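Letters are used for the chains, namely A, B and C, taken in the order the chains are written, and counting of residues starts over at 1 for each.
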Amino acid sequence: MNETLHVARRNPKLLIGLSVVLGFLLLGLLGPLFVDHGPNQYVGPQSEPPSAQYWLGTTTFGQDVWAQFVYGIRSTFLIGVLGGGVAFAIGTAVGFLAGYRGGIVDEILTMLTNVVLVLPALVVLIVAVAYLDARGLVVQAVFIGLTTWPWAARAVRAQTLSLATREYVDLARLSGRRTWRVIITEIAPNMSSYLVMSFILLFGGAVLTAAGLDFIGLGPTDGVSLGLMLENAVAWSALQLGLWWWFVPPGAAITAVVGSMYILNVGLDEVFNPKLREL
Amino acid sequence: MLELSHVHKVYRVGAFGGGRLRAVRDVGLTVEPGEVVSLIGESGSGKSTLGRMVLGLTRPTSGRIAFEGADVTAIKGFRAKKEYHRKVQGVFQDPFSSFNPIFKAERVLSMIRSSYFPGVSDADWRDRVTDSLRTVRLDPDAVLGKYPHQLSGGQLQRLLIARALLLDIRLLVADEVISMLDASTRIDVLNLLADLKERGLGILFVTHDLSLGTYVSDTTVILRKGAVAEKGPTRAVFADPRHPYSRHLLSCVPRLHRTWAEVDADLDRERPDPVVPPAPADEDGPVPMTEVGEGHFVGADQG
Amino acid sequence: MSLRVNGLKVHYRTLRGDVQALDGVTFSLGDGEIMGLVGESGCGKSTLGKSLIRLDHRMHHIAGSIELNGRDVPIGDDAAMVPLRYHEISLIPQYAMSALNPTRRIGRMIDELLRSRGVRPADRADELRRRLELVGLGTDVLRRFPIELSGGMKQRVVMVVSTLLDPSLLIADEVTSALDVSTQRSVAESLVEFRDRGHVGSMVFVTHDVALVHQFADTIMVMYAGHVAEKGPAADVVSDPRHPYTQMLLSALPEAGEDTGERLRGIPGTPPGLLDPPTGCRFRDRCPMAFDKCAERPPLVETAPGHWSACWKTEGH
């Protein structure tokens, strides 16, 4: 354990990824506290470039871009945690159960996984989201979670299959332990690095999917997100009008958060997997 | 105490269980208190599958496994299984894989406590642990507080036997428990099994090694391709093997004081009345056993 | 004498220091001699086997020399070893076939191997067929994939391939350990047959199973914690062991079909760590006969013709 920490502290990928993600997280958590008006309120002059009063300028309608930005980051993390979390919960539960139980349970769950896997997720999302009248962030996140879990389930199942044949798993079963306890205490800890990395990838995937949905106009009907900012900027010709401060910050933030998540993932991989350390 | 009759195990393999793999075929055997029964077989003989079925880790496809009169395969539910494992425990082949590498080795003992003896006080528990460690001749200071990789294979196997002894077990399934240990320490673990037997424990000793089987067991069951080739009192089986397969095995096992050529010559000279075991009728059917001596049976010839 | 090993020291470099896996090993092999190299895990038997053909990157040649048929074997110099490997000294590794490419047919793999060693496969094709038949395999194995062969068949294929150039020395590292007893016997008998026909010169058979090597080896060498404890004719080592370790080891082995009803006894204690091993005889902490002098390392002395033992209590000291 100490050795892992020691290696972790020296891994630049892990450190860079982690600090960028944490930086944005802090910005999303604390930023809105210092904004005394709502993100969609018309507070200032129209189409003003960044200034001391409006750090990231204003939109065509006089909304404060900085306010939208920090609230948007907050919703981005919410989408990531919730969407990634739902997918992670379903994926690991299905994967553990299928891999550990085997037999008919495995066959049914694997079939279900494969069916969801081959569904054109984006199309389903578009159809489902379009049918909902009031679309909130939470609904969007849950929908994303419900469609992106299969690959995590498959990965967890494969790992569980190999771990479940270890003799200490048999021994735990002989020690009067219930199935879920065997899974949580014997199997899961031995693939913890794997689980952490799955969550990170699901998080990044959820953020990107949400941004895509927002951008094509299927984002939350109330509230604000980085994807919605991009959509509005494009809809009101910010590109053509040269209002760069309207679309560059949200675009850059999405790229930075997801990108550093992936870098973090590679870093973690190196820390957990001693074979990769020397490369 | 333990009685297996007509136990079959067929695994379904391939997509949707299209293929069938026969692991165990019409096996019958008994283990009495204070008796060591060796289950001897080469790889693929179904010996480990039988051990797992007795432990309730795998279900037989058909047949009956009775422990103290009750059918083990009929045990349903978590509680009943847990009670069964209070009396029947197992130790496995690979000591290093029997311990979860991220926890200290003694966790195998504390798991027993939290599952079976939640009410026992710390002091009382410590005494019980010390007691059972002493039975397996382990120094508590040398093993408690250590991680599995800090202990030797022999120490780990003994710790696992100590774990089983914390419960009031009547039957121990020892699945290749010493095949990964060095020669100078494996005999100690074997002797330990003999001690337990003297305390009235029944032991099902699963092994591929005929010499270890000879040393420790009262009864020997030789398995081939999932079915019993020959079974009987260890002395009778080794002194007078009747099934062609048992004779072949005995002619191949390397011995310290006799060469292969000498054994071949002996077996040729003392060829007993040839037992021509009947070939079994069909794949799923029973395997006929022929009695050739008191308690000494020869199974079918599977070619 | 075909092989002469003199004072060989090989250490493993680790982060915590040097593990003295081989600490002054001396022995020799006659022409056509099959030597069983036995000992428990960590005694250095596998290290010795590997040292005779290739040191891996963690192993370092510290001292000592190896001579094969009068010529020096430069084990410390990887490049200089290349022409010797396979041609003069060959190895049957423990899990040879499981490491091979499952998508290649056996015949093609053999051809590739021969070519990589500078041999034209066509030159040895007839010999290859003859030898496959000798070990009871038809030539059709060449057209099969590794997965289609059983463990014993694979081990025999590897045996044929690794001796195809008639090496002077063959090292077999635990080649039968994963096999069932009946296959074990036929593989062992094939090895002897190869030696009898001159397909290999001498042979070092590394194993933990004394009873097995006793069946077919000419001599047995027992190692303990990086030292040679005893070497002698197989029958003598088994029936009249000189070193206390050998004596105790042999008396701890149960025998198939011989139920005397007596309890056998193991050897109390564990072998010393080789990171910082004790001086003198390395068995002395577990040895019931140990006395003051054992603090000094006992030399390997010949106590009977061809029978060597390293113990102060053995006759001759």
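What we mean here is this: a contact is a pair of C-beta atoms (placed from the backbone, for glycine too) under 8 Å apart; a residue touches a chain by one contact, two chains touch by 3 or more.
Please read all numbers here as calculations on a predicted model, not as lab measurements.
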item: Required steps from subunit A to subunit B (each step between touching chains, minimum); value: 1
item: Greatest separation from subunit A - chain, by CA centre; value: C
item: Top-ranked pair of chains - ranking by C-beta pairs in contact; value: B-C
item: Chain centre separation (subunit A, subunit B; CA means) in Å; value: 50
item: Euclidean distance of C-alpha centroids - subunit B vs subunit C, Å; value: 32
item: Where subunit A and subunit C are represented by their mean Cα positions, the distance between them in whole Å; value: 56
item: Subunit B partner contacts - residues on subunit C that touch it in the complex; value: 40-41, 180-182, 184-185, 208-212, 214-215, 238-239, 248-250, 252-259, 263-267, 270
item: In the complex, subunit B residues that touch subunit A; value: 16, 52, 55, 57, 78, 81-82, 85-86, 89-90, 92-94, 97-102, 108, 111-112, 115-116, 160
item: In the complex with subunit B, residue positions of subunit A that touch it; value: 107, 166-168, 170-178, 186, 189-190
item: Touch list for subunit B against partner subunit C, complex; value: 42-43, 152, 182-188, 190-191, 194, 208, 210-216, 234-235, 238-239, 248-257, 259-260
